[in-house]
Amino acid sequence: MAELAKLGHIAFETPDLEESLWFFRDLMGMKVVERDDDTAYLCGLRDYEHHTMSLTEGERGAVDHIGLRAKNPESVEEFAERFEELGMDVTWTDGSHEAGIGESIQFEFPAGHRFEIYYEMDKPDIDGKQRSNIPMRRYSPEYANRVYPQRIDHAHVQDGSPESTSELFEEEFGMGLNEVFKSADGTTWGWWHATTPLPHDLAVHRLEEDTREFHHIAYHLDHLQDLWDAADILSENNVEIDGGPGKHAITNANYLYVKDPASGIRLELFAGPGYLNFEPDWETVVWEESIGSESDHQWFGTQYEMDGIPYTE
Amino acid sequence: MAELAKLGHIAFETPDLEESLWFFRDLMGMKVVERDDDTAYLCGLRDYEHHTMSLTEGERGAVDHIGLRAKNPESVEEFAERFEELGMDVTWTDGSHEAGIGESIQFEFPAGHRFEIYYEMDKPDIDGKQRSNIPMRRYSPEYANRVYPQRIDHAHVQDGSPESTSELFEEEFGMGLNEVFKSADGTTWGWWHATTPLPHDLAVHRLEEDTREFHHIAYHLDHLQDLWDAADILSENNVEIDGGPGKHAITNANYLYVKDPASGIRLELFAGPGYLNFEPDWETVVWEESIGSESDHQWFGTQYEMDGIPYTE
Amino acid sequence: MAELAKLGHIAFETPDLEESLWFFRDLMGMKVVERDDDTAYLCGLRDYEHHTMSLTEGERGAVDHIGLRAKNPESVEEFAERFEELGMDVTWTDGSHEAGIGESIQFEFPAGHRFEIYYEMDKPDIDGKQRSNIPMRRYSPEYANRVYPQRIDHAHVQDGSPESTSELFEEEFGMGLNEVFKSADGTTWGWWHATTPLPHDLAVHRLEEDTREFHHIAYHLDHLQDLWDAADILSENNVEIDGGPGKHAITNANYLYVKDPASGIRLELFAGPGYLNFEPDWETVVWEESIGSESDHQWFGTQYEMDGIPYTE
Amino acid sequence: MAELAKLGHIAFETPDLEESLWFFRDLMGMKVVERDDDTAYLCGLRDYEHHTMSLTEGERGAVDHIGLRAKNPESVEEFAERFEELGMDVTWTDGSHEAGIGESIQFEFPAGHRFEIYYEMDKPDIDGKQRSNIPMRRYSPEYANRVYPQRIDHAHVQDGSPESTSELFEEEFGMGLNEVFKSADGTTWGWWHATTPLPHDLAVHRLEEDTREFHHIAYHLDHLQDLWDAADILSENNVEIDGGPGKHAITNANYLYVKDPASGIRLELFAGPGYLNFEPDWETVVWEESIGSESDHQWFGTQYEMDGIPYTE
C-alpha cells in the first residue's frame, strides 16, 4: 500500500532572487546547496535531502508545488494510479525540472493545490569546509548563525473547500488528523494532518473565497532562544515580523512568522517542543473557541495574518 | 558620603492574603520565609536578605513603602540629615514594624512616593530541608517550580511630576540615569535609574494626573524559558497576562507582566540578559519614538497597561 | 503485516518502593498515576499512555519486562504467531498483571530479554487539579519540578550475543538500524534500533559474559537546562551521578545518567535535539573509534558505567 | 578615595597572530575592532570599551599586563601615589602603547603580576553594517556566531605567594573577597575578588613554585546552550577542550575552558547565572574539600588544568 515518508520540499518563485537569498540565507541562516542561472536550492542545517526549498526567479512571489517523499519507489507508482482513478491529471517527470531529484509524479487537487511525489533524491553534497565531521550532521555549527534552522517541518495551505482537501490528505495521502479548530459558530476552520509523528506535516485552513493559496512553510529550530535571536535579527534589518514570537495552543510549539520581503513567501520558525504523536489510537483534538476564552491561554493562540501567496501560472 | 547598596524590599497590602499567596507562592514560585497573623514575608530563591516583599492583609491592594538598603550604618544617618534638610519629615523606626529589619528611616518624596532606608537586615533563615547545601544558594532547587524567581530586581513608580522624582533619585539617592524615553512630542516620559550595574533599580514614569502610584515590582529569572513556563502556568490557572512575554527595547531584557488577582499588585518577571553597566562614563541612552519606527524593533517594545496601585492610607 | 508503534513501558522491581518513589517522583519529577499495595505506576508529564514505568516491591532491583505497543490489535496476534514459529514460548495475558493494560503477549528472546506486546492501554486518568486544560498536555506545568521528564524515550539492554538480539529487533520487530559502534579491533559493540523516527527505541550492547542485563530506561526532557537542574538536584541530595551531563556523539542528544539508589535502576535523562529520522533510505551510521580520535569530539562521547540490572527471577 | 570601576582588558602576545585570530574570532566569535601591523584589538559583542583583549605578535604565548579601569581620572593619580608608597615602580604612559587608551599607569606586584590602571578609553567604533541599531548593543546579532561572547568577565592569575597578591587586591584595589577555597590540609588555595557585583573580577591561585603565571581570561555568555555550541565548534575543528562544559561550585556559573592552539592563552567561556553580590555585609564563602565530598556536588566542581602562561619579558 502506497505510503508517504515525509514532507520533502517546496518549490517557490520570487521576483528578486538576490533579495530572497539575503532574507533566507543571510538573515534566517538557511544554506544554499546548489545554484544555477535562475534557481537556488536551499536547506536547513540538518536536512538529509539535497534540498527542502527551491527559489526560482519569476514574475512574482508564488508557489509551484509541494514535494512529498514516498516510502519506496513502488509507492510513487501506486499514488499515480490512485490519483488518476480519482480523475486528476498525473504527469510523470524525469526529474530534470529540479536539481537532485529523480523520477516523480505531479498532480493538482480539485481545490487547486499542486503536489509532487517522488522517492529518488540525492543526498546532500556539502562544500568541504562547511561539512561536519559528525555523520548525523550536515553543516559544522560554526557556519550557523543565531537562527539555525534545522530542517523543514511543515507546510500550510488554504482554500475555499478545505473539507475536500483535508479528506484527500487523510484518505489518499494516508495522514492522521491530529487537531482541528472550530470557530465560534461551529464551523471547522483548520485541519492539522501528519504522516510522521510531528504535530503536522500539512495543514489546511478555510478561505472565504473560492480560491487557493499557500500560507507558509515552516522550519524547525531547536531552541526558544533561537526564535528570540531571529526576532532581533529581523528588527535590526527593518524586516517586519508577521506574528510572534509566541506559543501556539494548536501544536503546542513556539513560533515566529515573517515574510520574505522580496517574494511575500511566509516563513514560520517553529521551535520545540511541540509534541510527538506515536499513539496509534490518537483522538483528534477538537479546539473550540470557548476553550480559549475559558482557560485564557490566548497568549499562545494562533495570531497571524491570513493572506497567502498564489500558485505559479 | 551616604551611599545606597541596592533595592531591598517592598511592603504591600492585599485585601486577601491567602489568594495573594496562591498567586505569588503557588503559581509564581516565590518563597514565604516568615508569617505572622496578618503579614507574610516573601523572597526569591536566591535573595540574600530576610525578605524582599511583604504582604499585609488590608482593605485594598496598595503599596506601603519601598525599602532601600544603605551601604553602611553611617549612610542611614546621613540620608536622614539630607532629607530633613530638604524639608521632608524623616521618621526613625526601631524595626518593630517589619520582621527581620533593624533601625530604619522612613520619608515621603514631594511627589508622594514613600521610602525606607536601612542597613540592618537579618540573613535568611530557611527550613532545614529546603536549605541548599551550596553556600551561595538559599533554597535547594527541587523546591523550585518552573518559574524560579531568583531575586528582586527593580521597582517602578509613576507620578505627575516625574522630573522631580528622577532628580531626587539622581541627586539624593546617588543613582545613575541609564536610559530615558521621549514621546513623539519630545516630552520625556520615563527615567531608568540605578545604583547597581543593573539596567535599573528604580524607574519613574509620567502620569497625566497629579497623583502617584506604584506600577510594578520585578523579580529576576535566569532563563527565557522560565518566562514561557510562567505564561503556561498563568494560562492554566485563568490568570490574565498583562503584557508579554516579550523583549524590552529599554533595558534589553525579556519580560512578562501579570497582576496578582487579589491585590492588583503588578509583578514583572524579568529575564536575562539585559545588560550590566560597569562604565563610569555611561552616556544616558535617549530613546525617541523615531528609533522605533526606523529600526522596527517594536516587537520588543514596551507593551503594558499603565494603571498602578495606590499607596496605603 | 505486524507493526510496532512505540516503546510502551518497562516493568521493574525494587527492594524499597518508598525510596524509589523518592528518587523517581520527588527528585526526578515523574508522576505516580496509580498505586496499589506493592506496585506504583509512573509516567512522564506528557506520556499519553496510562503509565510508562511500573515499580513493584521485590527482593532486589530488577527488570521484569519491556512493553512494546503494537500499531493495532491484529499485529499482536501476528507477533504471537511469528515468535511461536521461531520457537519461543509465547504467553497470552488478560492484562490483570498490570494496571491499565489489556490483552498482551509475553515472550523471551534466546539471549534472555523479556518483552510484552499489547495494543490496549487505558488513557491516563489524572487527578482533577493537576490535569492540564490544554488537550495535548496531561499535567499542568505548575506541578512539574525543574527536571520535567516529558515522555519515555528508549530502553537499552546488553547481552553476550548481541548480534542475535539486534537481528531480532530488525527482522522481527521491524526496526531500522540507525547507528552502530565498532571498537578499535573492528568488533561491533552497540546497535541503535528504532521503529519510530527517534534516534532509537531499543539499543543493545555487547557483554563479555554470556548473560543478559537491562542497562537503562530513558525519559525525554525538552531543554538542556533541565539536565543541569537535574544534576543540581541530585547533588543537593547526595545522589551520585553516573555519567554526564554531556552530549552523545551517537544519537547527538544531551544526557545525564543516574541510578535510583534503592534499586540500581539506571535512568537516563535524554534532552533534545538529537535527530529525527524520516528518511526511508537512511544508511546506518557506522561509528569507529578512529572517528573519535581524529575529530576530538570525545567531550560528547559515550561515558557511562557498563553494569546493568538483572531480570526478575 | 581611589576606586576601580572594572576589569578592562588584557594585553597578550602570541607567536602566530593569524592562527590566534582563527581561534578567537572565527571559532569563538569575538570581534576584531582594530588592527595594526602586529597587534589586533578584540572585544566581546557587548563590551562598551574600545577593546578588552589585545593580541600582539611575539616570540611566544604570554601576557603583558592586566588593565583595570578606574572610576575617575583622580583615582588613577591616587593609585599611582599609593603603589609608589608601597615601593613599586609606577610608570606613566601617554597611551601610545595601545590603541584606544589614554594616559595610564603601569606597575608590577611583588609576586610579579603586571597591571595597568587607566580612566580614558575610546568608545567602540564599529563598522557601519555590523553596528546595531539598538543603543545598548554594539554588534547586530546576525554577525554573531553560536558562541556569542558578550563581555569580558574576569581574569585569573597564580603565583607562589598568593596571600600577598590577595591582600593587595583587597587592601589596595579595594576589592571584596567573595569566596576562598581550602584544600584538605587546611591550606587556602584560591581567592575570588571583585570590585563589581560579579562573582569575581580577579582571582588568584597558589602555585607550589615561586613563580607567577596567567591562568585564564573569561568572557561571559548569556546561555548554557552557547557553551554547548562552543564545545561542538571546538570538536568539529579538532581543538582540544581543557575542561567542561560543567558547572562550578565556586561562582555557581557554567564554564568551558579551552586554550588558543597558537599561544596557549586559556579562554574561559563563563555562562550565567552565577550570582550578583549586592550585599554590603557579604561573608566570604569558605569552601572546604569536605563540603564537596559530603554534598556530592563535584559534578560542578573545578576541573581544569593548572598550567598557565608566563608574563612577557
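Per-chain residue numbering starts at 1, and chain names A, B, C and D are given in the order in which the chains are listed.
Following the convention adopted for this analysis, a residue touches a chain if its C-beta (ideal position, glycine included) is under 8 Å from a C-beta of that chain, and two chains touch if they have at least 3 such contacts.
Everything numeric here is computed off the predicted structure, so don't read it as measured data.
Chemist: Using the contact definition stated above, find the chains touching both subunit A and subunit B.
Modeler: Chains in contact with subunit A as well as subunit B: C, D.
Chemist: So which has more C-beta pairs touching, A-C or B-C?
Modeler: Here the pair linked by more C-beta pairs in contact is A-C.
Chemist: Taking each chain's centre as the mean position of its Cα atoms, how many Å separate subunit A from subunit C?
Modeler: Centres of subunit A and subunit C (C-alpha means) sit 32 Å apart.
Chemist: Counting only Cα atoms for the centres, state how far subunit C is from subunit D in Å.
Modeler: 44
Chemist: Roughly how far is subunit B from subunit C, centre to centre by C-alpha average, rounded to an integer in Å?
Modeler: Spacing between the chain centres: roughly 46 Å.
Chemist: Which residues does subunit A have that touch at least 2 chains other than itself?
Modeler: 133-134, 223, 225, 232, 235-236, 294-295, 297 - these are the residues of subunit A that touch more than one other chain.
Chemist: What does subunit A use to touch subunit D in their complex?
Modeler: Touching subunit D: residues 26-27, 132-134, 140-142, 144-146, 148, 223, 225, 229, 232-233, 235-237 of subunit A.
Chemist: Across the complex, what residues on subunit A touch subunit C?
Modeler: My answer: residues 5-6, 46, 48-49, 69-72, 119, 133-137, 150-151, 179, 196-198, 222-223, 249, 252, 272-273, 275-280, 282, 285, 287, 291, 294-295, 297.
Chemist: Which residues of subunit C touch subunit D in the complex?
Modeler: 224-225, 228, 231-232, 234-236, 238-241, 245, 247, 254, 294-300
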